[in-house]
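So, here's a batch of structures to check.
Heads up, the next two complexes both have chain A, just with different partners, chain B and then chain C.
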Partner chain A sequence: MREFMDGAEAIVRGAFAAGCNFFAGYPITPATPILLRMLRELPKVNGVGIQGEDEIASIGMCIGAAMTGAKVLTATSGPGMSLYSENIGLAIMGEVPLVIVDVMRQGPATGGATTAAQGDIQFLRWITSGGFPMIVLCPSSLADCFKLTQVAFNLAERFRAPVILATDKEMVGAQQSVDTDTFEKIEIVNRTLAPADAEFVPYQIKKLADTPAFAPIGGPHLTRFTTSMHDERGLLTKKPSNVNKTSRHLAQKLEAHLAELEFAQLDAQPGAQTLIVAYGVTARAMIEAARNARAAGKRVSTLVVQALFPVPEKILCAALTGVARVIVPELNLGQYRLDVERLALALDVRPEVLGVNRVDGELIAPAEIEELIK
Partner chain B sequence: MLHEIVISGFGGQGALFAGQLLAYGALEEGWHVTWIPSYGPEMRGGTANCTVIISDEEIGSPLTRHPTAAIVMNLPSYERFEPLIAPGGVLVVNASLIAQKSQRADIRIIYAPANDIAAELGAAQMANVVLVGAMLAATGALQFETLDQVLDKHISARHRDKLELNKRALRRGGALAV
Partner chain C sequence: METIAWNTVTTYRNLERARLPFCPGCSHALVLDHLNAALVKLQLDPRKTVIVTDIGCVGMSDQFFDVNAFHGLHGRAITYASGIKLANPDLNVIVLIGDGGIGIGGAHLLNAARRNIGVTVLVFNNLNFGMTGGEHSVTTPHGGKTSTTRAGNLERPLDVCATVAVNGAAFVFRGTAFDKDLPDRIAEAIQTPGFALLDIWELCTAYYVPNNLFSRGALLETMQNLGLPAGILQKTDTLELAHTYRAQCASQVGEPTTPPDPIAVKFASALTQPTRIILAGAAGGKVKSTASALAIGAMMSELWATQRDDYPVSVMSGYSVSEVILSRAEIFYTGIEKPDFLAVLTPEGLSQVPRPLRAMDETQTVYVVPELAELIETRARKVVLNLARAPANKKSLAVMAAAAMVRHANLYPLAAFREAISAGQRADIAQENLQAVDASLLIV
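On to the complex of A and B.
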């Protein structure tokens, strides 16, 4: 069906397709449209939507709800992510499934409330104290907003971890005509539950890379949940072997499964010497630039990165191999380019890596990218 | 078929709503369309503009550097967009608030005293609709009848009593560009 909608609507529909039944958040431009729609729609499916008294309370409610078994979404923008940061650490430590939408606007601080930007991405990657990997997905179309929101829920459930959907003011606020038949509904994954009739140890795992089974607070089992370093019973510990095990587990449960976390779309043109790598709203300018360049007889490949972190290294390295130059357009001073350069350095034949960067509040125009395609 | 239209003014003049009218009209006629707003943090008095792209092909970037048509509702918008319009394009100037005359010979310029016309019709806030009418007549981007349908569907309950007035405002604007 042909409809006219914005990214907020596509994200909300994706959340419902994934089985979301709880939302708490605090209004902030440009994330408010997601809050408003969740508050409107959740009661219709017997879900709970709450406007918290502030961001810290809101994400606290989200974590509590998730630990009772709810499938939880929240949405904010850069200043809200700063306030969420401490509790995201708690969600990592407690292994809480949670989806967080960051509708990026220009920073730092209150920055440009109504201005699109992509300046948060490395912040999102390292958003917790202590330094643990985060899953950060990034949609660049309405169909992606719908699909990647479901993927975010699946990964949150699969790995019992907070997952961030990084988007921006233009992606969420611009309205577009779209054929909603192209919206892909994916198979929904839910967290593995601990059997009700067996002994339950809250964080018990066989291998470091395993994700522990879940028992909801208020369910048949006594469960424990702490912000502090704990052993597999959920009891506070300083014993080096226990601390080591928990620390390495929190990283390895993601890092041992990178193949499940690589999402990117390569449009390779045979013989192309130029590759463009982009994400979010900037990927749209890239696609148009490539279309124009190809129409003018130039060869160029494009890669839309849909999972920014962990960096999809296999896909990126394959795409980087054999090209002479890589263009990385982004609405920041070159944050993802850092990772592209890191990967390019490891190749036998190193491509030149060029950035197209804007931090003036304007979007990158296709022509700015096209100029660099040889 | 490609129209890249900018509508720009002060917050409160209805630039964003005018763009939505066009977007819904384009959808009604079966085109691909994007509507992208740009505004300051203020509710009223700040700058507000939107870009509407109407195309028979899938739209990549939702923004344009050189619009094929622009409606400028106040002086800052005139100064910003007048030089940017693509050669052969259309500039609709709200002459009620802008005294400037463009020196460009490579675009079509329509001076529409939109606030005066809207006030004469009985609702000053319809100036945006008058300007949309002038732009549509000059570009042929959409049919007037389509916009009538869009107004029927999308005008808010609060302004329902002004539905017919809006349709008249659209045509009064259109008459300026014939």
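On to the complex of A and C.
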């Protein structure tokens, strides 16, 4: 079945497929289409959609709702992500399942509201104070918008953590014909609930890498959530052994499960000396560039990175091994290239890493990538 | 879930953590006792009750109660409380916040009152920042000495009660931590369905008291000097937001979300190569809607299509440029460097397309209105839209140009374009646009 839609629609459909029932957001170009559609649709699932007085209130309402058991989504753009930053830290510390869509526009600050960009990437990785891992997914097609939104919800529930879906003005705003039969509905994961009949301790875990069981506010247990450094009961603590345990747990609950967090699509051509690594809207130009290059008899492999962070190092290192040249096209001054270079340096035979970068608001055209393929 | 008889609760305080960490003489302990007394009076189910704390000394308070607890960021307690109430309107949501939190979270206070969201806010108002070193807050009285106003506060204190009252709070009370009726007032606030606030003036024995030789008697005196009344200041029964939202949405529950909107193939196209089209006009000139019809008509003719719109941050003024790609195969890259067809409809549109005009060659076509024809330098074939033959359709220029492209380039049957217009646009606008499609035969 062919439909004509934009990425906002595919993300909204993905959110409902994942069981989303709460949205709060503040209008901002180019993320507003998601706000409008979520507020229009949520009453149908007996959910709640509300426009906050600002971004801080919006994410705050989402976090409060999440702790009653709701599956929550919010959407904004770069300026809003700046305002979300402190509450994203709370969501990490308090272990709040939360999905955030960042529809990137040109920055810094107000920047260009209707201009496509990918300049938030490393900001999203390091968005909290204290320095903890973040999960950042990035769709490169409408089918990806639908699927990765569900994946984002699943990971948020599985790890009780904020998950960012990083997309851009182009992906969300451009309309495309799409065969929606290819939209993949995946198995939905819900947070592990604490058994109703056993004693409950809010942040109790057996191993540092475990995710604590959840008890909603209003459910059978008394529960406690906190933004502050805490022990397993959710009480404030400065005791070094408690602080150490909580800090290491917040990192290890993701880092010990990297295999569950690696999402990328490799299209390897045997004998190719050139690999292109791209994400989001630039991955679409990459696919056309590779198609044209192959039609002209050149050999080239491509890697679409669907989970930007944690960096899918296993997949990336395997793809980087054996090639002479890596091209990383991005609508920024080379942010993800930093991670590709970091991995390339660790290889026995180091490939040359080249960037194709635009920050003038125009898209990177396939021809700009193609001319670097040898 | 089994039913427990909560009506036997004699205290909501956690007995393992009976000792409070506050300074000797700090009023926080007193207010927490009053809150406990109010909860005992109401016999609330602890599982249906949540205390949301802000930051500062008061932020530690949730730990000393056996109800649900949420301890959040500075100034944002009301936002979490609002989310909790919206998601589960049956909960009793109580916010404990200081005068510092009221200052930094002022916008949330105003909006919670305005929305009349059903949360109860206890302001532990000790007139300065107690945890960080006695700095002045938004409620520090004029002349008050603090670590940041050593010569006396020059700022006027915020009237918290009047602020929320004028913005629609359902219950507003001002008093001191020493008021004997405080448990009753807190209970009354919790029982209020809408937004309730108690501004409770306190003594900070670490800072404000020694710095200003302040005392219990001075609390009331200061209120009087500032002209701030005490007691119940507002009581209304306006409708509470979380419940009215549910009521408003009730009739929609169960309807399918985002139902599919398939485009049926009814026509056939002879197009073999990807075709790139740019419509360059002005806001309000039907550029986007025409581009959509162009794309959907193509889809009705079994083609793939993309549409990319560009416009300035303003909405009803400035340029509007839409790019449409049609292809027999799936399209990945949605940008256009070198269009096959470009329609230049207005000066605003022309200003946005110098690069495509330079890139185009003899095999490609520019459609242009007569007044801009001379301004265009391009190697592409230039077709002037002869508007004199269809003056009535001038505001549908984009439609006429697109219809001309569909016919000239044999993109797909014109009937498909017509059907896309009829199917996707409001009847009166579709009528006007279909006339423009007819008129396109005259102007090109």
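Criterion: the second predicted complex is superposed on the first by the 374 of 374 C-alpha atoms of A that agree within 3 Å, B and C clash if a C-alpha of one lies under 4 Å from a C-alpha of the other, contacts with A are read in each partner's own complex, and residues count from 1 in each chain.
Throughout what follows, a residue touches a chain if its C-beta (ideal position, glycine included) is under 8 Å from a C-beta of that chain, and two chains touch if they have at least 3 such contacts.
Note that the structure is a prediction, hence the values are computed from the model and not measured.
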Note to self: Following the superposition defined at the top, how do chain B and chain C come out on chain A, clash or fit?
What the structure shows: clash
Note to self: So in the superposed three-chain picture, is A:Phe225 touching just chain B, just chain C, both, or none of them (first/second/both/neither)?
What the structure shows: second
Margin query: One more residue to check, A:Phe16. First (chain B), second (chain C), both or neither?
Written below: second
Next item on the list: Scan A:Ala65 for contacts with chain B and chain C and give back first, second, both or neither.
Entry: second
Item checked: First (chain B), second (chain C), both or neither touched by A:Ala113 -> both
Notebook entry, point to check: Does chain B (first) or chain C (second) touch A:Gln265, or do both, or does neither?
Noted result: neither
Notebook entry, point to check: Counting only touches as set out at the top, which of chain B and chain C does A:Ala196 meet: first, second, both, neither?
Noted result: second
Item checked: Location of chain C clashes with chain B - one stretch out of 95-103, 113-121 or 383-391 -> 383-391
Notebook entry, point to check: For chain A, which residues lie in the overlap of the chain B contacts and the chain C contacts?
Noted result: 2, 4, 29, 113-114, 170, 173-177, 284-285, 287-288, 362-363, 365-367
Notebook entry, point to check: chain C touches which residues of chain A in the complex?
Noted result: 1-5, 9, 12-13, 16, 22, 24, 29, 37, 41-46, 48, 50, 52-54, 56-57, 59-70, 86-87, 90, 113-114, 170, 173-177, 180, 196, 217-228, 234-236, 281, 284-285, 287-288, 362-363, 365-367
Item checked: Residue numbers on chain B that touch chain A, as the complex places them -> 20, 23-24, 26-27, 30-41, 59-63, 65
Note to self: List the residues on chain C that touch chain A in their complex, please.
What the structure shows: 1, 17, 46-48, 50, 52, 59-60, 62-63, 66-73, 76, 79-88, 90-91, 107-108, 110-111, 245, 248-249, 252-258, 260-263, 265, 292, 295-296, 298-299, 303-313, 331-335, 337
Check: Which chain A residues qualify as touching chain B in the complex?
Finding: 2, 4, 29, 113-114, 170, 173-177, 284-285, 287-288, 291, 362-363, 365-367
